[in-house]
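Two complexes, one shared chain (chain A), two partners (chain B, chain C).
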Partner chain A sequence: MEQFLQATIIGVSLGTQYALLALGFTLIFGILGVVNFSHGGFYMLGGYVAYACVAHAGLPYPLAVLVAILATGALGWVFELLLIERLVDDHLATLMLTLGLYLVMSTAMLEIFGPLSMDFRFPVTGALRAGPIYAPLENLVVLGVCLIAILGLWLILFRTDLGRALRALADDRSVAMAQGLRPKILFPAAFALATGLAGLTGALVTPILSLSPGVADPVLATSFLTVILGGLGSLGGAALAAFIVGIVEAYSSVYFGGSIGALVLFVLVLLLLVFRPQGLLGREIRGA
Partner chain B sequence: MTLIPKSRFLGGAEIAAVLVFVAAFAVPAITKSVLIYSILNQALVGVVAAQSVWIMLRMNLLSFASPAFMAIGGYTVAIAGQYEITDVFAMTAAAFLVPALVAIPLGALVLRLRGTYFVLVTFVLSQIMQLLLFETPGLTGGSNGISGIPPATIFGTELATNRQVVLFACGIALFATIITACLTRFFRQHFAAIEENEILAESLGLVVWRYKALGFVVAAGIAGLAGYSLVTMLLTAHPSSFDSGTAVDFIAYSIIGGRSSILGPIVGTALMVYATNLFGTHGQYAQGLYGVLILVVVLALRGGIVGTVSTLLRKARGA
Partner chain C sequence: MKMHTTTLMAALAVALGATAAHAQSCEIKVGAMGPMSGGAAQWGLAMSGAAELAAAEVNAVGGIEIGGKKCKVVIVPYDSKYTADGAAAGANAFASQDIHVIVGPVGSPEATGIKPVAARNQQLAWNAAYAKNALEPKFPLMFHIAPAPAVWADPMIKQVLKTFPMKSVALVAPNDQAGTDIVAVDAEKYRANGIQTTEEYYQRGTTNFAPIVTRLLAAKPDVIDTASSPPGDAGVIVKQLRLAGFAGPIGRLGGPGTEEIIRVAGGIDVLKDFFWYETVATGDPKVQEIDALYRKFLGKDPVGGTALWGNLPAARMTMKAIAAAGTAEDAVKIAEAMRKLPVEDPNMGKGYWTGGKQYGIAQELHFPFGVGIIKDGKNLGVTRMEAHPD
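For the complex of A and B:
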């Protein structure tokens, strides 16, 4: 029972991290129709920016996280405005643009910081004990920040004019544009919002896990898995799927060990696609 | 009909592609440089894998699954080697057929998906293959892989020297190129129709899934051959050789070389493998170069190297 509760805590905490990543990924797909192969790259970049701020500029960690969000968001904005925007209706071309950007980003990080893991520690240590249950404080802090970020994203998307405009563009771009919504401003904003979320996740999670140029690939794979499971472009689906992925991963690593859990998850997703290609909460596949 | 260039009937690009690999057989006679052998061997493995990606690109499908099928082909050969089965002809057939057979049910699964979903699922497939390799130590040696694979044999003679292995790789590349050329020549119009507008092609009566399935299965077989060539070069089969990240390299070769002609993956692979070797011990930086070139090709030179050169030639001739 203790083991079960412990695994649940890990699972929920993993789930919130995955949710932040998957929400960003699915936001970009839903609104722009772009599959962002550089999403894992922005996660990695967020980690490195935060690390550089703490280790080299001597900033306090919370400020470093903020800088990481702004830096990844700004890069996303510029990248969308200058490159993606030109080919925004060509799925394969935009996919390859983001793949190209990812390769450039990871090589740049390799050049600047080298191939080894950085010594980047979370500033909060210790653990919370409630009877037999044990939860590291750092995980709880990350959990809290992630939940706040998800809530913030929800408020932006569902309670502000910006959010309404973004959702309108996702629903039907031509009608939204006929209503006077301007993709030239909103598309970069959506991209920046999503990459900023990836940067935030990177800045929060890499000090706990690890920070090296190799961290981006598994993050990208998990994001893919989560959004396929939830349904590409579906925000609710992404959040739900993220928790399923997190919890399955936590239970399987506690009870089976190794990568069996990931394997089972992958195969489940593959099978899901046969019976429900649009994912758990997805609608009909958008133009894809 | 005068607008159609002659090469469409002659298949000039295909003939040139085959000739490239026939000519490659001469390289070991010209030089004994171990470095050239090594670069050529890498290129010969890469070009076969890139052709596997290219076949799917002909139908506007971007596949990340090539390392998975390479692994199936490579491990088939490695496992057969443990039972002393090393005959080149038998193993070439096996390295092609086993991945192709696996691709039939997988194709039925993933070809229901179009465009974006297909890309994502092929990415997931190569991840699954990595995990499978690690989780089945009884069959694949798990994280140790299978080492000490006996060299391939042709009519009972072992292909043990560097020179023989390069010749072997030339043979595999030639065989793969012939299959790729035949497939894409024979179904040129069908593939082009699917590439242009799949829904329109279907509404005009083209049985789209049939050609996609055929392409997927053959592409899997070709990737299997690349796996065979790779395993023979390394004499070991290890999960890291079939990492899902390598799919990006093969995609880069095809896109940078140009997706419109079979010469694209060949030119792309040759240049990229050569460029990678220029980085020397800093080979990991080659990825950055691939990234920049992909950005350039997608934004400015849509036809890749081969497409751009042929457009320029056509213009020069017209002027």
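For the complex of A and C:
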């Protein structure tokens, strides 16, 4: 029972972090139709920006997180406006562009900060304990911030004109444009929103785990796996899948060990692709 | 027409000048390979740094004499990413640059990847792997930088028990050859000392170890040993173990990298009680001089921590072997020269060629090694452990 409760706490914590990453990833695909291979790079960049703000500029950590969101959001905006926008309908070109951006970002961080992990610590330490069960305070803080961010994203998308416009573009771009919606403004905004979310996650999670140029690779893999499970382009699906991935990862790793735990997730996605290729909440675009 | 002729004459003069300059220059390229990014980056950078220092030392006295000419040694680094395919690709990349001598790679997956490719390319290479087949008689161009746990784990455990008595230990490592081979040997040595063992493995690339930590604690061990987990991973494991309330000693019968572990874990206070293996006796002032040598010859601070010190004798032996063989291209001749070299290093002292008993091929450098202890958040230093012949 102790292990079950502990695994649940770990799973929810993982799920929240995965949700923030997956929402950004699927937002870009849903609205622009672009598979953003630089998503993990923005997570890493968020971590490094927050680290630089704390370690070199002496900013308090919450302000550093804010700067990280703004910096990654701004870079996402500029990248979309200057490069993605020109080739937005060419899937192969955007794939190569985003992959290229990721390589540039990781190499830049490697050159600037070196290959070793940074001494980047979360300002809150300790854990809430109830017998053998524990919940790290830093994870609780991240959980709270992530839930607020997810709620904020939901409010933006479902309660504002910007959100309505973005969803309209995602539903049917040509009809939305005929109604006067302008992709040249809205696409960069969507991209910035998504990369800002990745930057926020990086700034929150890297001081808890570790920060080095290699941290982006597993993030991209997890984001991809989550959005495939949830249905590419589906925001609700991504959020649901993120929690499923987190919980499954935690339970399978705790009960079956680290090796089988990783395998269980891939088997789950494989089964889903066989029986429900559009994902949990994705729409079927083209019949088989 | 006159202008055309003049242009041709000038081009010819430039071409002849370039050819003459090329004929006078003599350069030996030596590869340096290891993971230079990711959780094990410290080990790869240490390999590259050791090769650079050894090259700078010989270049400072005019280089290595080949065919009557003094040749400058240039180190070409390659990030093999702690993977078999990375090391195999690296060996081929070096072959395409006519590089036949490689200092590195580091880990077991890399050693597995490079052995057949380097043999095919006729390249001499070193590895620092702890795999059971780090050396094999069928790959005579492969040398071993330092012994595996089969040699040092037992004396190390006996040394550690003086500070941290224990009845049970849980070992954790990646689930590939680099992890399973070492944990199997470490566990055998712990059991030989009357200590119960449990083993736990994780997928390389894992970033959050909270589920693994839960499993480790379920076994209620006195001590947890991170074995050959890369320093970046080990740092996160230590941090999450302490957060989960584990108060016992944490150890490391595996590769060095304590500086990185301290940094990732959040400070020496978080480690609290910790022990680790050092490939060389890092408490020896003569060994510590290597950092000053690095700054003197290369004009920058060394990267890679104590692992650089451990790799330096192999890099220096490589330079000596090239000089003795009189070639940088014939790896067979260089290997022959290497085997005849006495195992002596200006910083490490006297060592031995070992490996004959364990691998059937005595191509392993064995110098005095060290056991480091941190007790109650205080670094008690590294105890020197003497090397012995096979």
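Keep this in mind: the second predicted complex is superposed on the first by the 281 of 288 C-alpha atoms of A that agree within 3 Å, B and C clash if a C-alpha of one lies under 4 Å from a C-alpha of the other, contacts with A are read in each partner's own complex, and residues count from 1 in each chain.
The definition used in the following text is that contacts are C-beta pairs under 8 Å (C-beta built on N, C-alpha and C of every residue); 3 or more make two chains touch, one makes a residue touch a chain.
These figures come from a predicted structure and were not determined experimentally.
Taken together in the superposed arrangement on chain A, chain B and chain C clash. Applying the stated contact rule after C-alpha superposition, one finds that A:Asp217 touches each of chain B and chain C.
Within the superposed three-chain model, A:Leu209 lies in touch with chain C and out of touch with chain B [touch as defined at top]. Of the two partner chains placed by the overlay, chain B and chain C both lie in contact with A:Leu110. Judged by the touch definition given at the top, the superposed model places A:Lys184 against neither chain B nor chain C. Touch criterion met: A:Ala262 reaches chain B and chain C at once.
In the superposition on chain A, A:His56 contacts neither chain B nor chain C. When the shared chain is aligned, chain B comes close enough to touch A:His91, but chain C does not.
The intersection of chain A residues touching chain B with those touching chain C, taken from the two complexes, comprises 110, 115, 217, 221, 258-259, 262. By the touch rule above, chain A contacts chain C in their complex via residues 3, 6-7, 10, 13-14, 110, 114-119, 121, 125, 127, 129, 132, 134, 136, 209-210, 212-215, 217-219, 221, 249-250, 253-254, 257-259, 261-262.
Only residues 36-39, 41-42, 45, 175, 200-203, 205-208, 210-212, 214-215, 218, 232, 235-236, 243-245, 260, 263-264, 266, 303 of chain C touch chain A when the two sit together in their complex. Those residues of chain A that touch chain B in the shared complex are 29, 35, 83, 86-87, 91-93, 95-97, 99-108, 110-111, 115, 217, 221, 224-225, 227-228, 232, 258-260, 262-263, 266-267, 269-270, 273-274, 277, 285, 287-288. In the complex of the two chains, the chain B residues touching chain A come out as 60, 62, 109-110, 112-117, 119-121, 123-125, 127-128, 131-132, 134-135, 244-245, 248, 251-252, 255, 284-285, 287-288, 290-295, 298-299.
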